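Chain IDs A, B, C and D follow the sequence of writing; residue 1 opens each chain.
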Amino acid sequence: MAQATDLDRRWIFLAMGVLVVGLFASGVSSPMPVSRYVSDYYDTIEALPEGSVVMLSADFDPASAAELFPTYQATIHHLMRRGIRVVNVATWPAAPPYTRKAFDAIAPAYGREYGTDWVELGFKPGDDVAMAQIGQSIRTTYPRDDRDGTAIDQLPLMSEVGDSFEGIELLLTMSAGYPGILEWIAQAGGRYDMTMLAATTAVQTPDLFAYYPTQLAGFCGGATGATQYLQLVANSAGTATIMDQAPLDELLAVKEKNQKRMVIQMWGHLLIIALIVLGNVLYFRGRKAVA
Amino acid sequence: MKREIPIALTVICGLLITWAFFSPSELSQAVNVELTAWASIFFAVAFLLGIGNLVRISLKQISARHPDWPYKALLMLMLFGYLSIGLLEIHGVIESEYGDKAYQDWIYERIFKPLQSTMFALLAFYIASAAFRAFRARSMEATLLLTAGALVMLGQVPLPIAPPEVGAFFARVQGFLMAYVNAAGQSAIIMGAALGTLATGLRIVLGLERSYLSE
Amino acid sequence: MSSMLALQDAATPFVSLDPNGPVDIIGAWLMCFLTLSVFSFLYKDNPFYKVAEHVFVGVGTAYFALQYYKEGILEPVRDHMYDIAEVMGEPGASFSLGGYDADPTIAFILRAVAAIFGLMLLTRLFSPNSWAPRWPLAVMVGVYSALKLTGETQSKLVLQTKGLMKPLVPENVGEVGWFPDGVALESTPLFLTIANAIVVIGVICALSHFLFTWKRGRTLGAVSRVGIIVLMITFGSMFGFTVLGRIALLIERVNELFDLSEPDYAFGTPFLSPPVILTVLIAGTLTLFALQRKEGTDS
Amino acid sequence: MIQPLLALQDAVTPWWVDLNLWLSGMGRGTDADGSVLAPGIGTPGGLDDWIDTGKLPTLIAILIYAFLMLRSQAKAKAGAEIPIRRIAGLDALDEAIGRSTEMGRPVLYVPGIDEIKEIQTIYSMMILRHVARKTAEYGTPLIVPVKDSVVMTFAEEACKQGCLDAGRPDAFIADNVRYLSNEQFAYCAGVAGIMNREKPAANIMLGMFFAESLILAETGYASGAIQVAGTAKQHQLPFFVAACDYTIIGEEYFAVTAYLTREPGLLGTIRAADIIKVIVIILFVLGVILATATGNGTETSPSLFDVYGRLFG
C-alpha cells in the first residue's frame, strides 16, 4: 500500500493532461463500426413518414453538452432532411439555449420554417411532474411558446398535436440524468405507450440496455454512440436538397472531430487500465514483501 | 393539529394523483393537471429558500471578516448582478437586438458553461488517480468489477493500434457483457429500486411514514 | 443564412451579444481564465480556484433562480390567473383544465390557493420552526410520491417484467438449425439461447440476492452468490461507461482551449493566445506564492 | 369484430382465444367501428369508464403489495419474528468504530449530498442515530459534514438523539456536525480536507451520492481509513465497491434501517417486498416458459403467451 500511495498523485494528473493535450494537437482520427442500438436509432427515424410530428426533449446542461450536443445536432439534421416536424421541450433549465441555437442554425438550411416545421416550447420545471403534465395536456402546460410568447394555438404545427401525445409519433430525449430517459419511459412510454429513442451520456447508458428494445427502440450512448450516429447521418446527408452548405460542413467537421476524439479516448482508457494494473502489481508485491 | 393537517394533505393529494393515474375521466385529469402545477410552483418557490440560506451564510461571513470574505463578496456580486440583469430582461426593462435573453445567454455561455463543464472534467483526473491508488483487486467482487470495467473500456473505443480482429473481439465481448449480463443486473436493480419506491411511496401516501415531518 | 456568413467574415467584436455568433474577445479570455482556474485545483487549492468556485456558485444559483421564477412562478401563477380572469366575467364561460371544462371561478380560486401555499413556504425564511411551510411541503410530498409510486410500478416493475419474458430459443431454429454457416456467432440460435438463459438466470439470481427475510440455506446462498457475480459485472460495465464519459468531458475542455487559441481572440497575433498567456500567468503566480512561502519558512 | 368471434366459436378454438379477445377489448374499450368487444367493456357505464384498463395490472400489483405490507406489519407488531439476513457492511460498522476508538481517532459520517426530500437522506439520518449511539458508547468523536442546512438540523437531532440513546447526552458536540458548502465540489474538497487533516480511522458514507463519490472514496482510501459505503444510486456503486472495504449495495440500503432498528413497520415493508420479488420471479419464469413453448401468435389466432403477456398491460 505504501509504495503505491507514496507517489504524489499530481504526477498521474500530469500524465493524463499531457496525454490528452498532446494527442489533441497531433490530430489522429479513426472511423468506428456501428452498433445495432445506434443503427436502430437511425432506422426508427428513417422509417417515419414525411411530415410526421415528433417530440424532442432536451434534458441536458452545459456539463453534459459535450457528449450530447453533437447527437442533438445530428438528430436535427436527420429529422429536417426527412421533413419530420419537431415539438421541442426541455426539462432541464439550462437546455433551451442549445435548442434555439441548434435549430436556428440547421433547420433553415433544409428550407424548414419556425411554426410549421418546428416549435420551441421551452423549459418546464418540476422534473417528472413536468413530464406528466406535458403528457396530459400540452396546451395547459405550455400556453405560449418560448420563442416570442406566441399563443400555442397560433402555431400551425400545434394544431395537429393534442392531449396525451395525440398526433406525436415518436419521443426523443437527449438525456443527461435525472430527469431524463428513465422518467420519460415512466411518464410517456409506460402511460401512453409512446415509441421512444434516446441519446444519453456514457454514465447513463448502462441503464438503457434493460429497456431495449421493448420500451426503447434504439439509443446512442456516450461519445461512442454519438460518433457512430454522426457517421450514419453524415453519410446520408448528401441525399438532401440543401439551401445552405454551412451547417452541413459543420456536421462533417463535427463527425471528423468526434472520430479524432475517439482515438484520444482510446489512449485515455489504456492509461486508466495500465494504472489499475500497475497499482495492483505494486500493492500485491508490497503485501508479499510485508508477509 | 400541527402534524395532522400536513399528513392529511399528503394523503389526500397522494390518493388524488393515484386515482388520476388509473382513471381516464376528464375530471381526474383536471385534478392531476392542477395538482402537478401546484407541485411545480412550490418547487420553484422552494428554490428561493435555498438562495435565502446562501445569502444569509455569506453575509454573516462577510460581516465577520472570515478569511474567505472577499470570495463571499464576489459570490454575492455575481448572484445579485446576474439576478438583476435577468429580472430586468424578463420584464422587458432592458432589451437587446439579439433576442429577449441575450444578456443572460452571454453570461451563461461565457461563465456558467465553462465552469460547470470543467468541474466535471476534473473527474477524469481523479479516476486516473483512483485507478492507481485505490482500485484494488482485493476480493473476488472487486476483481470481477475491474475486469469487466476494463473489457467495456476497450470495447467502447476504436483500436487502430491493434489488428482489426483485436478491436472486433473487444467490441464483441463488450456487446455481450452489456446486452446480456449487464441487462440482467440492471433489470434486477431497476425492479428492486421500483419495489423500494413502491414501498416508500405507499407508506407516505397511506400516511404510515411520517419521519419527514419531524417535530 | 447570409447574415450568418457575414458574421463569420466580420472581425471579432470585443463584446458580442449574438448567441449564434463566434465568441467575442472578452468572453474568450473569460472562458479561458475560468477553465484554467478550475484546472489549477489539480495542483492545489489556491486563490484562482476559489475565485472560479465562488463565481460558479453565484452565477449558477442566479441562473436557476431566474428559470424557476419565469417557468414556475410567472407562467403558472401570473399568466395562468390572468388567462382565467379574462373569461371569468362572461356568463356560461368555462376554462379548460387538461381538457376538463372547469368553472373559471373555481379554477381561479384553486390557483390562488396554490399561490398562498407558496407564500407559506417562504415563511421558513424568517422563522425556521414555523408550521406554515409544512402544508405546501406536505402537498409536494404527496404529489411526488404518488407520481413516482404509480409511474415506477407501471414501467419499472410490471412492464419491466413483461419485457423480460422472451423466448429462450429463437423461433427460426427449426429452419436454420442451431449453428448455421455464414452467420455471425452472436446471431446463431445456439449462442442466443445460451445468452438468453444467462439473462433469465442472472435476473433470478440478482433478485434473489435482495431477498432479506428468507432463511439463507445452501441453495439460496449459492443463488445469491451468482447474483453477486452478475451485479459486479454490471457495476464493472457502468464503471467502464463512466470512464468513457469523464474522459470525453476532459477532451471537450481541451478542445475548447484549442479553439480559443485562434488568432481571432489574440488580436491577430499568435503570441497573445489566451490559453497560453493565462496558463503562464496562473502558473507563474502560483509558483511565486510557493517560493514566497518557502522563503517565509526558511527564515 | 362480432363476426369473427362467432366464426371462431364455430370452429374448435382454444379457450385462450376468447380470453384474449376479452382482454384486448379491455385495453381498447370499443373497436374502431364502435362495436362492443366484450360485455361490460366499452359500453357506457362499463369498466373502462372507471379505470384505464391498460393500467389494471399496475393497480392490482399495488393492491397486492399494500395487502402484503399491512399484513406483514400486523404480524410483526403482533410479535411474529421476521428474520433478516446479515449485511456484512453493517456488521462492519461496529468494527470500524471499535478500531477508531483503539487508535484514538474520530469517525467520519458522510450522509450523502442530497436534500431532505430525497428518501435516501432521510434513511441516512436514521442510520446516523445508530452510529451516534455507538460512538457515544465508545467515547469516540463523530464528525458529520453536511451539504445542506436543512439536513444539518436533521443531522444534529439524530446525533443528539443517538447520544441520549447511549445514556451519554454529554457526548454530543455541536461543532462536529458541520455545514460545509452547498456547492458539490466545494463540499467535496471540504470533506477531503477533514480526511487529510483530522485523519478519521473510519469513514462511513451512506446516502445519495453523485460524481463526488469517487473523490471521497479515493481520498479516504489514501488516508488509510476503514471505509464503509452504501447507496441505492447504482451509478456510484462501482467506485465504492472498488475503493471501500465494505459496500452496501442498491436495495440493501433500503433494508438497513429495518436491520438496525428492527421496527415492525419497516420489517413488514421489507417482508412484503420479498414476497413480491418471489411472485415476480415465478411470473417471469412462467412467461419465459410460455414464450419458448408457444411463441408469438397472430392477431386472429393468438398464442397462449400473447394472452399471458396481456395480463401485464
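Following the convention adopted for this analysis, a residue touches a chain if its C-beta (ideal position, glycine included) is under 8 Å from a C-beta of that chain, and two chains touch if they have at least 3 such contacts.
Keep in mind it's a predicted model, so treat the numbers as computed, not measured.
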| query | Measuring centre to centre, with centres taken as mean CA positions, what chain is farthest from subunit A? | reply | D
| Which chain pair has the highest count of C-beta pairs that touch? | B-C
| Taking each chain's centre as the mean of its CA atoms, how far is subunit A from subunit D in angstrom? | 29
| said: I'd like to verify one number: the distance from the centre of subunit C to the centre of subunit D, where each centre is the average of its C-alpha atoms, in whole angstrom. | reply: 21
| said: Centroid of subunit B to centroid of subunit D, CA atoms only: how many Å? | reply: 18
| From the C-alpha centre of subunit B to that of subunit C, how far is it in Å? | 5
| Got the subunit A residues that touch at least 2 other chains? | 5, 9, 13, 16-17, 20, 63, 66, 94, 97, 124-126, 129, 132, 136-137, 140, 163, 191, 202-203, 206-207, 210, 222, 224, 265, 268-269, 272
| request: Please set out, as single numbers or ranges, the residues of subunit B touching at least two other chains. | output: 21-22, 29, 32-33, 36-37, 39-40, 43-44, 50, 54, 105, 108-109, 112-114, 116-117, 119-120, 122-125, 127, 129, 133-136, 141-142, 145-146, 149-150, 153, 156-157, 175, 178-179, 182-183, 186-187, 189-193, 195, 198, 200, 202, 212
| note | Among subunit D residues, those touching two or more other chains are 55, 58, 62, 117, 182, 185, 222, 234-235, 238-239, 241-242, 250-251, 270, 277, 280
| Given the complex with subunit A, which residues does subunit B contribute to the contact? | 21, 29, 32-33, 36-37, 39-40, 43-44, 101, 105, 108-109, 112-114, 116-117, 119-120, 124-125, 127-129, 131-137, 146, 150, 153-154, 156-161, 168, 171, 175, 178-179, 182-183, 186-187, 190
| Residues of subunit D that touch subunit B when the two form their complex | 48-52, 55, 58-59, 62, 65-66, 69, 116-117, 119, 122, 125-126, 149, 154, 157, 179, 182, 184-185, 211, 214-215, 217-218, 221-222, 232, 234, 238-239, 241-243, 250-251, 254, 265, 269-270, 272-273, 276-277, 280
| Considering the complex alone, what residue numbers of subunit A touch subunit B? | 4-5, 7, 9, 12-13, 15-17, 20, 28, 30-33, 35, 61-66, 94, 97, 124-127, 129-130, 132-133, 136-137, 140, 163, 191, 202, 206-207, 209-210, 222, 224, 259, 262-263, 265-266, 268-269, 271-273, 275-276, 278-280, 283
| field | Of subunit D, residues touching subunit C in the complex | value | 55, 57-58, 61-62, 82-85, 117, 153, 181-183, 185-186, 189, 234-235, 237-239, 241-242, 249-252, 255, 258-259, 267, 270-271, 274, 277-278, 280-281, 283-285, 287-288, 290-292, 295-296, 305, 308-309, 312-313
| query | Mind pulling up the subunit C residues that touch subunit D in the complex? | reply | 41, 45, 53, 56-57, 128, 140-141, 144, 149-150, 153-154, 157-159, 161-162, 164-169, 171, 200, 203-204, 207-208, 210-216, 231-232, 235-236, 238-239, 242
